[in-house]
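The chains carry the letters A, B, C and D, assigned in the order they are written, with residues numbered from 1 in each.
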Amino acid sequence: MFDKLIEAFLKFPGIGPRQAKRFVYFLAGQDEKFLKNLAGLFLEIKKDIKQCDSCFRFFSKPGFDAKKPAFRCEICSDINREKNLLMVVEKDVDLENIEKSRAYNGKYFVLGGMLSLNGKNRLSSPRFKELFNKTGKERPKEIIIATSATIEGENTARYAEKILEPLAKKFQLKVSRLGRGLSTGTELEFIDSETMTNALRNRQ
Amino acid sequence: MFDKLIEAFLKFPGIGPRQAKRFVYFLAGQDEKFLKNLAGLFLEIKKDIKQCDSCFRFFSKPGFDAKKPAFRCEICSDINREKNLLMVVEKDVDLENIEKSRAYNGKYFVLGGMLSLNGKNRLSSPRFKELFNKTGKERPKEIIIATSATIEGENTARYAEKILEPLAKKFQLKVSRLGRGLSTGTELEFIDSETMTNALRNRQ
Amino acid sequence: MFDKLIEAFLKFPGIGPRQAKRFVYFLAGQDEKFLKNLAGLFLEIKKDIKQCDSCFRFFSKPGFDAKKPAFRCEICSDINREKNLLMVVEKDVDLENIEKSRAYNGKYFVLGGMLSLNGKNRLSSPRFKELFNKTGKERPKEIIIATSATIEGENTARYAEKILEPLAKKFQLKVSRLGRGLSTGTELEFIDSETMTNALRNRQ
Amino acid sequence: MFDKLIEAFLKFPGIGPRQAKRFVYFLAGQDEKFLKNLAGLFLEIKKDIKQCDSCFRFFSKPGFDAKKPAFRCEICSDINREKNLLMVVEKDVDLENIEKSRAYNGKYFVLGGMLSLNGKNRLSSPRFKELFNKTGKERPKEIIIATSATIEGENTARYAEKILEPLAKKFQLKVSRLGRGLSTGTELEFIDSETMTNALRNRQ
C-alpha cells in the first residue's frame, strides 16, 4: 500500500523517491474528508477535463454534453484566431506559456510527446499521424514547429517536417521553425558555438 | 474542477503553482484505470497506513485488525530497542533519516509540527500534550530533543524542554539536545559565529 | 599596504573582498622570486601586450618594434578574412569566444565598454568615436552589432546604431544585429515573452 | 608573456583559466601608473606584511624594524589573551573568521597547509615540526585542533594529534578537537550519518 502509493507518485512529472515519500506521509496525516475529496476529484477528471478533438490539448469545460462526439477547445473554436497558422508544440504547458507571451494568435497542435533518442518515451509517443491528418484536412498556410531547442526537440521537429513534407508540396504549405539566436540574457562571453552560428546566420 | 485540483496539489509539501498544473495535465492524460487505481489508494490510506498510538509515526501494517484499539509501530514494539531513551523528532522523514544513519537504538516520539515564530503552523501543531503524557507514563531515563538547528527548531526544542521540566524534576529524567558543532563538510573559513561558539564549547 | 593591495585586487574583474584578502595572504606566503617575477611581468605587460590600432583588441606580439607607430593584430592583418564584414563586440573575451565558435570570418571592433543604464561605467566608456572613424574610413558593407542580449547590451547596440546611421545612409552600409530567438537548450515551457516574440518573428 | 601571466594567475587561490585570462585583459587595459603601483606593492609585500615568528600568521606592521630578528603579531603579544589555550588552524583566513566570531580568546598556530590524501600539497606542507617545537617550549594547557570537518581536515588533525602525543603525555597537555554535531541550519531530514552519530554522541 505504502509502496504502491510511492510507485504511483513516482510517475508524476518531476517527482523523485524522497518527495514521493513525503507525499505519502502528508496524505497519511490528512483527515478522511480531504482524502475522499481528492479521490473524488481524480475520478471526475475525465468528466470535466477534456482533450480537444482538434488540437489535443486538455481543457476544462464543466457542464458540457459528454454524449456529443466532438469537442473543441476555446482556442480551436475562436474565430478571431488566425486559422492559417498552426503551431506544433510538445505539451500543454508549452502552449500555455506561449499563450502567456501574447506573441501568437494562430491555432495549435499538441504533439503530446517527444521523439526520444534512446527509444524510451516516458509517457506517450508524439501524435504524428494526427498532425498529418489535421494538416491534410485543414490545410493551414503555415505550420510552425515550436519544439524546444534541445536534442530531443530538434529530433522531433525534424521528424515532423519529414512527415509533413508530402502535404507541404501538394498544398504548398510553408513549414517553419522558431528562430534560433540569442535568447534574452545571453552573454557573448558565454555563448555556445551553435547559438553563435545561428545568431550570425539570422542577423538582421 | 481544474482549479480545485490545482488547489489540492498546492497543499502537498513542496508543490508550487507550476508543478500543481503539471500534475493536473499529467492526470488528465492518464487512462481511467490509472486514475481509479490512484483514487482507490487514497481511500485506503487510512486503512493500511496507521499512526502509532505510542510515537505517532505513520506506519504501514497491512491486514491488521482495525477493531483493536491500540496500534504500536514496529519500533515501539521492538523489545531490542532501548526503552529508556526517547528521541523527540519533528516529522516522519526525520525519523526515517535517523534510522538510516543507524546511530540510534532507542524509541521515538513524533511531534508532527514545529512552533512557528509567526504563529502560522502550516499543517498541524506539535503534540506537546501527548509528549507530556507519554513521558509521564513511560518515564524514560533520557529524552533527546532532536529538532533541526533552525530558528523554528530551536524554538520548538525550548518549548518542549519547558513542558517536560516538571516531569524531569519529579522523575529525575534527563532532557538533552543533539550536540552542536561542526557538521560533516564544515570549513573553518566559512563557519558562522554560532557554530564556532558551539564547536568550541563542545570541544573534546 | 595590506589595505592598498586589497583595494587594488578589488578592481580586478569578478573579485570581491573575501577573495582579495585570500590573494594578499597567498602573495604574503610566496617567496621573493615569485613576487619579483610577477611584478616584472606587470611592468612588461605594456611592452608585450599591445592594443590593435584598428580593432582595439589586446594581442600579444613579442619582439615587435615598439617604435613603429601602427600596430595591427593578426586578425586585422589577415587578408583571408572578409574585410567587408565588421563585427562590433563589447570586450576581448567576447571576441575570443566568437573566434572559438568558428562561425565568423570577418573583422572586429572592440568597444571596450557598455553603456550602463545608471551612468556608472565600471572600467571605461565604449569607443563610439573610434567606431565611427573606422567605419567612415574602411567602409565595410555590413556592420554587425554583437552585444549581449542584456539591457545594457541592447542599450549599447541602440546607441551604436544611432551613431552609425549617417555613415550607413551615406555609404549604403548595412547595420545589423545578431539574430534573436531560441538559444541552445531553451525549453518552450520556460521561455520568456521577449524571446518567444523574437523566435516567432524570426521563424524560418 | 601573455601565457606567463596566465600561468602566474592560475596559481592564485580559486582562479581558473577563464578568470586568469580576464585578469590579463584587465591589466592590459590599465594605464602604466596602475601597473607600476601594483608591481611596487608586490615588491614591498615582504617588507610590510610579516609572518609572525610565533604563530606563523601573516600580519601587517608598517614601520617596524626589519633588522630585529623576532616578530610577534598583535595576538601573540596580547597579554590579555589566554596563553594556556592554543588553537591550531589551517590558514590565515580560518583564523580571521574565528576572530570575527569572538568565540575564542586564546592563542593560535597557523599550520599553513593540509595533509592531502593523494600526496599533492597545493601550496605548502603543514608546519608540524614548528607546532611540536612551539608546544614543547610554551607548554599550553590545552591545544585545540581546529581543522575543517573535511577528509583532509580530519586527516591533518589526526596527524597533528599523533605528533603532539609525546608532549601531551610528558607535560600533561590536553589535546582536543572542535565539537562535532549540528551546525547552524542543519535539518534532520537531510542530516548525514556521520553528523547524526556525532550529534547524538555529543548530546547534552
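Assume contacts are C-beta pairs under 8 Å (C-beta built on N, C-alpha and C of every residue); 3 or more make two chains touch, one makes a residue touch a chain.
Bear in mind that the values here come from a model prediction, so they are computed numbers and not experimental data.
Taking the CA centroid of chain B as reference, the farthest chain centroid is that of C.
Per-chain CA centroids place chain B at a distance of 55 Å from chain C. Chain B and chain D, compared by their mean Cα positions, are separated by 40 Å.
Residue positions of chain C touching 2 or more other chains, listed in rising order: 91, 93.
Arrangement of the chains shown, judged by which pairs touch: one closed cycle in which each chain has exactly two touching partners. This structure has the following touching chain pairs: A-B, A-C, B-D, C-D. Residues 1-5, 8, 11-14, 18-19, 21-29, 32, 35-49, 51, 58, 60, 62, 91-93, 96, 112, 123-124 of chain C touch chain D in their complex.
Against chain C, in their complex, chain A makes its touches with residues 89-91, 93-94, 97-98, 100-104, 144, 146-150, 153, 176-204.
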